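In what follows, chain A forms one complex with chain B and a second complex with chain C.
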Partner chain A sequence: MWPYYKFEFYQFITNKKNIAIYVLLLFFSCYYALKIAPTYDPIEKVDESEIEARFLTREEFLNTVVINDGTHHFTRFAAAIFPEWNVYDKGRLDAIKQNDLKEYAEATNKWYGYSDKMIFTRGNGVLFYHPRYYTFGNNYATMDGHYAYLYSASRYKGYAEGNSKLSINVFEERTALQTLQRLLHSYLPFILIVSCIFFTVDIVLKDRRYPTLLQGLPLSDWKKLIVKGAVSLIGSIGALVPLSVGLLIIGIQSGFGDFNLPVPIYFSAEKTFSNILLGEYILQNMLIMIFWFLFMISLLLLASVTLKNEFANLLVGCAFVIGELTYFGRGNGIFWDVQWYPTSYVQVGQVLSGYRNYLYNSEALTIVNGLFVMGLCTGIFLFFTFLISNHRKFKLL
Partner chain B sequence: MMELKNIGVRFSGRDVLKDVSVMFHSGEIIGLVAPNGTGKSTLMNVIMNYINPNSGKVILNDELEYTNKKNEVKIHQLVSMMPDQSDLYNQISGKEHLKIYSSMWNSQPKLIDETIKELGMSSYINKNTGTYSLGMRQRLCFAMQIVSDTQVMLMDEVMNGLDPTHVELISQILVKKKSEGKTVIVASHLLENLEKYADRIFFMKNGELIQVNDISPGFDVREITTVRVTDVTDTLKENFLKEFPKTNVQTLPNGTTLIDVQGYGSGELGNVLAFLKANHITEVNFGKVTLGDLYSMYYQEG
Partner chain C sequence: MWNILKTFFILEKSNKKNIFAFIFVGAFVLSLMFFVKTEDLGNPIKEKSGEFQSVSSALSKFQNVDATDRGNGSDLYKNLVLQQRLISTQSMSLKMDRPELFLDAAIELARLRANSFDLEGFDGVASYLPSRIENEFDRVFYQYIKKTGLSLTTNSLSFYQFLAYLFGILGSVWFIFISIYSCGIMIEDFRHTSLIKGYPISFDKYVLGKCISSMLIVGVILLELFVCSLPLIYFQGLGNPSYPIAIFDGVFKVYPIYKFLGLSILYMILIAIFTILLSVILNVLLKNMYLTLFVELLLFILPMLFPNMMNLVPFNPFNYMNFTSILNGQTLEFENPVDLNSTHGLIYIGMSIAIMVVAVKYFLTTGKLKKI
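And now, the complex of A and B:
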């Protein structure tokens, strides 16, 4: 099998389409690092002037307000909640001025915790999250703000308790590893899965161009398919290489961050966040990504031996990537067991961070369920591929 | 040793192979001769199990049949078919092709260099096959099968695109492979060449495999049985038959006239030659019926 693997791998890396994909990924990666990443503008950023403006306004209010029987209840409410709020904002301001980032993290953790408690539970339509959550058409702005504030509280708690070197870039999640984390939370899984689809759609059917050379090789069709799958898996993992060039550039620009930085994970049962290490989070993402690759490769191997058409393979693969759009809706997890659909795990980073559970209002989109569902599907696809390829009359080409 | 037992293949209601049964032995070169589209390649594809026959089976060494995929792999370890030159990977070198085949069949690596030397491919073997001429590609395909070093070798149109020197070179290698105990099955249109080294030659017609000896008994006997003459007119033929009434004369569609002189002594042969000379016939050949004659007789008549 080894000689066939080497031959197949050689074909893979010299395949013009595959080279084009790697080049595109490299281009995308560099473009992102040089053009998009520097313009990243997080809502929850370290903005001294904003903190100061808020602090001074509230301080002025607290210094001048007179509470008596005729005071409006909103004024009373403000006078009651602003002092503690301002303590945290003052703490943040002092920490920034002294460049005490640990202190800043601690104060910010408290600030986010207190802010969310006030806005979410006692807001009464007068307290709001950051205005950028309230964009046109977003009916879930409060929920988004609630998630983001709790996420930030947990994150800053992690910074305060951890041993990582802190910086503004770390706070704003601009370092290379944190950018990777953010990308895993957004469209990086799509890019990797779609790349895997493009690598695999023709890995079986390309051999039709060389039938007399390959048909008589003394290797069973099943083993050939397994080798092809293995090559595709290695090639798909290899897609990380051009992408890492972009991370290297970001690292040089904004620092690399470190693997001990905290990543808040949402636990929907308790409706709380708990931190895990960034290294652990990335490893979990890689594990799920590998399961996605295995899922996609086994699916496309099965499609290759049944449909025998590259375009059909592409459609089948893409259908699984975008399948979630057909049933996704906030809160749908209450009505449907979305955790049993492999397509529910396509947003890998969001699943692992618990954000997907938050959106679906579910508790079941977990790494264990994801591995189980995708592993089971992969097993089923491979089982049918095994049966078909071992049929006496089956011809691979 | 390979046996084909009652092989039948039908395409669109037409019998391409009809109940073909034959045994191929070790240390034997088998020639397959037939016009295009008469089933030579189909037969080879059935032997390789690229095509499932409608009936019959292929048996290798009295034990292996294509009953399951495991057996198919075992048979493919022992039986190989020469690849088509149009299927070569243009972006990789000839040597890489040879290495792939050698490693896939786990044959002796030294066979690669030996074959390159034997076929005179050293000057271009490290270049990408995309730069090869038809003859170079054909030689590479042949070399690939040689390095696979299987017990049974199937070669479809092995001499295509080769110059006479390389036809002769490959013929010699085939004879060498035969002496090593290989079974070599060659489909070729180079009849004269095939006739030289093939131990048995089969014609294919109407889905049947017919050994040449069955069409022309004594085909492989080494004695003068036929006088081959060209440019014989009908009048001359009539005069000849008047002079030699007991002699069989047959004019083939290719214009050659065959005079059957089987069992003739030197005196009778001398008379025939004298008659032809007297009638100004200068192209005379004493020998036996050639494969070309039989081909013309079998395929071009009526």
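And now, the complex of A and C:
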């Protein structure tokens, strides 16, 4: 089997299409690092003037307000909640002026916690989250703000308690590893899965061009398929190499960050956040990503032996990537058991950080369920591939 | 010529690729229906409540002061307060089912917003309000409804409404679909070069035959879009084919749905011919279907990655491949706005097709084909 593996692998890396995919990934990662990453503009940033403006306005109000029988209840409300709020804002302001980042993280953690408590539970129609959540057409701004504030609170708690080297770039999630974390939360999983589809789509059917070459090999069709699957798994993991070039560029520009930084995870049963380490988060992502590769490869092997058409392989693969769109909707987890569809796990980073649970209002999109569903589907696909490839009348090509 | 066409038809009929393409398109249409249903698109009450919230947060940036004409608030503040009142009026009129009130409020709202763009301090609240372009669309749309006395429809799943939405989505992905479909158009024949060399016709006639047979399949796919949407007539009703859609083609105006569909289909046919010819040329040059696909997709997204290129080369046909964004006036919202005109787009694509036909006729010959 080993010589055949080497033969397949050589074919894989000399395939023009595969080289083109690696080159394209390299191009896009450099484009991202040079053009998109520097323009990243987070909503929750470290902005001294914003804190100062808010602090001074409220301070002035508190100094001049007179509470008596005729006072409007909103004024009373403000006078009751602003003192504590201002303590936290003052703490943030002093810390950032003295460049004491540890202190800033601690005060910011408390500030976010308190702000969310006030805005979400008591601020109905009077208090708002950061105005940039309320963009035109966003009907879920309050929910977005709620998530982001709790997320930030937990994140800053992690910074205050951990022993990582802090900087403004770390606070604004600009370092290379944090950029990776943000990308895993958005479209990096799609890029990796689609690359995997393109790597695998012709791995069986390319042999049609030289059928005589392979007829002499003393290997069963099933073993050949397994070897092909292994080659394309290695190739798909290899897609990380060109992508890491972009990461390197970002690292040089704004620091690498380190693996001990906190990543807040949302637990929907308790509706709270708790932190895990960035290294752990990335490892979990890699694990699910590899399961996705296995899933796609086994799916495409099955499609290759049944449909025997590259175009069909491509469509089948893509259907699984975009399948979630057909049933996705906020809060749909109440009516649908979304956790039993493999397509629900396509946003790997969002599933692991609990954000998908938050969107679906479900509790069951967890790493364990994900591995179970993906593993089960992979097993089923491989089983059918095995049955078909061992059938008497079956021909691989 | 007729004989080779007949051969191609027989080949296409037995080609599994076409069957999968049909299945995929059908599944796409059906899942889009589910998407519209689950997302509850076009629900005006939901939209208005979101709008209300946006304006409220814009107002939270101001001090609460007297907003009457003689009050001491800034012009923008007064404007926003009026906007908020009109949005409430619209919400109420929807709940009370008084469409004429809704319409008047909508026109007045668009007028107010058009004024607000020039007021002092607008940049600070711009993200809470629709852009100038979106507002213009609203304005022409409601004015047209008012003028013609049509009734407002909110069911985005009735047959014609859905078709308009479907073709809007397809406008963005049609090029991608056709390039995936056609990227291997010549490759399968290259595997049997001796076959092609044996045909008693010249290479350009052969390409022509290939294009005609592929275009026939594209025609069937277009027909399939309509057929798959037919069940909606039974479940959700027919809708109104002359219901307006606001679009941009040099000026802001409304097209009735049937005209919009006609324009879309014209665009889609031209894009399909363009892509198929491009695939033929790239197939001959690169001799690999995936490389062809990647080059095509790269050409497609380059104008999006470098928007300034659109200003520099407005005649680049790839600017117009995503024709929905042209009709939506999205290119006007760039940092350096580009006034891409949908009629010009048709001309540029047509000219590119002519150039490619000439290139195929004079530069590509059977001699270029080698077995791969």
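FYI, the second predicted complex is superposed on the first by the 397 of 397 C-alpha atoms of A that agree within 3 Å, B and C clash if a C-alpha of one lies under 4 Å from a C-alpha of the other, contacts with A are read in each partner's own complex, and residues count from 1 in each chain.
Convention: contacts are C-beta pairs under 8 Å (C-beta built on N, C-alpha and C of every residue); 3 or more make two chains touch, one makes a residue touch a chain.
Treat the numbers as computed from the prediction; the structure is a model and nothing was measured.
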| request: Look at where chain B and chain C land on chain A after superposing the complexes, then choose clash or fit. | output: fit
| said: Under the stated touch criterion, which partner chain does A:Pro3 make contact with: chain B (first), chain C (second), both, or neither? | reply: first
| message | I'd like to know which partner A:His73 touches here: chain B for first, chain C for second, both or neither. | response | neither
| task | Pick one for A:Arg209: touches chain B only (first), chain C only (second), both, or neither. | result | both
| query | Who does A:Asn390 touch here: chain B (first), chain C (second), both, or neither? | reply | first
| query | What is the contact status of A:Pro218 with respect to chain B (first) and chain C (second): first, second, both, or neither? | reply | first
| message | For the overlaid complexes, name the partner, chain B or chain C, with more touching residues on chain A. | response | C
| said: Quick check on the superposed model: minimum Cα to Cα separation from chain B to chain C, whole Å please. | reply: 8
| On chain A, the residue positions that both chain B and chain C contact, one per complex | 209
| note | Touching chain B in the complex, chain A uses residues 3-4, 6-7, 10-11, 14, 209-222, 389-390, 392-395
| query | For chain B, which residues are in contact with chain A within the complex? | reply | 48, 50, 52, 66-70, 72-73, 76-77, 79-84, 87-89, 91-92, 100, 103-105, 144
| remark: Touching chain C in the complex, chain A uses residues 16-17, 20-21, 24, 31, 35, 125, 128, 131-132, 134-139, 141, 198, 202, 209, 307-312, 314-315, 319, 323, 325-329, 332
| task | Would you tell me which residues of chain C are touching chain A in their complex? | result | 16-17, 20-21, 24, 27, 31, 34-35, 38-39, 46-47, 49-51, 53-54, 56-57, 60-61, 127-130, 180-181, 184, 191, 288-291, 294, 298, 305, 372
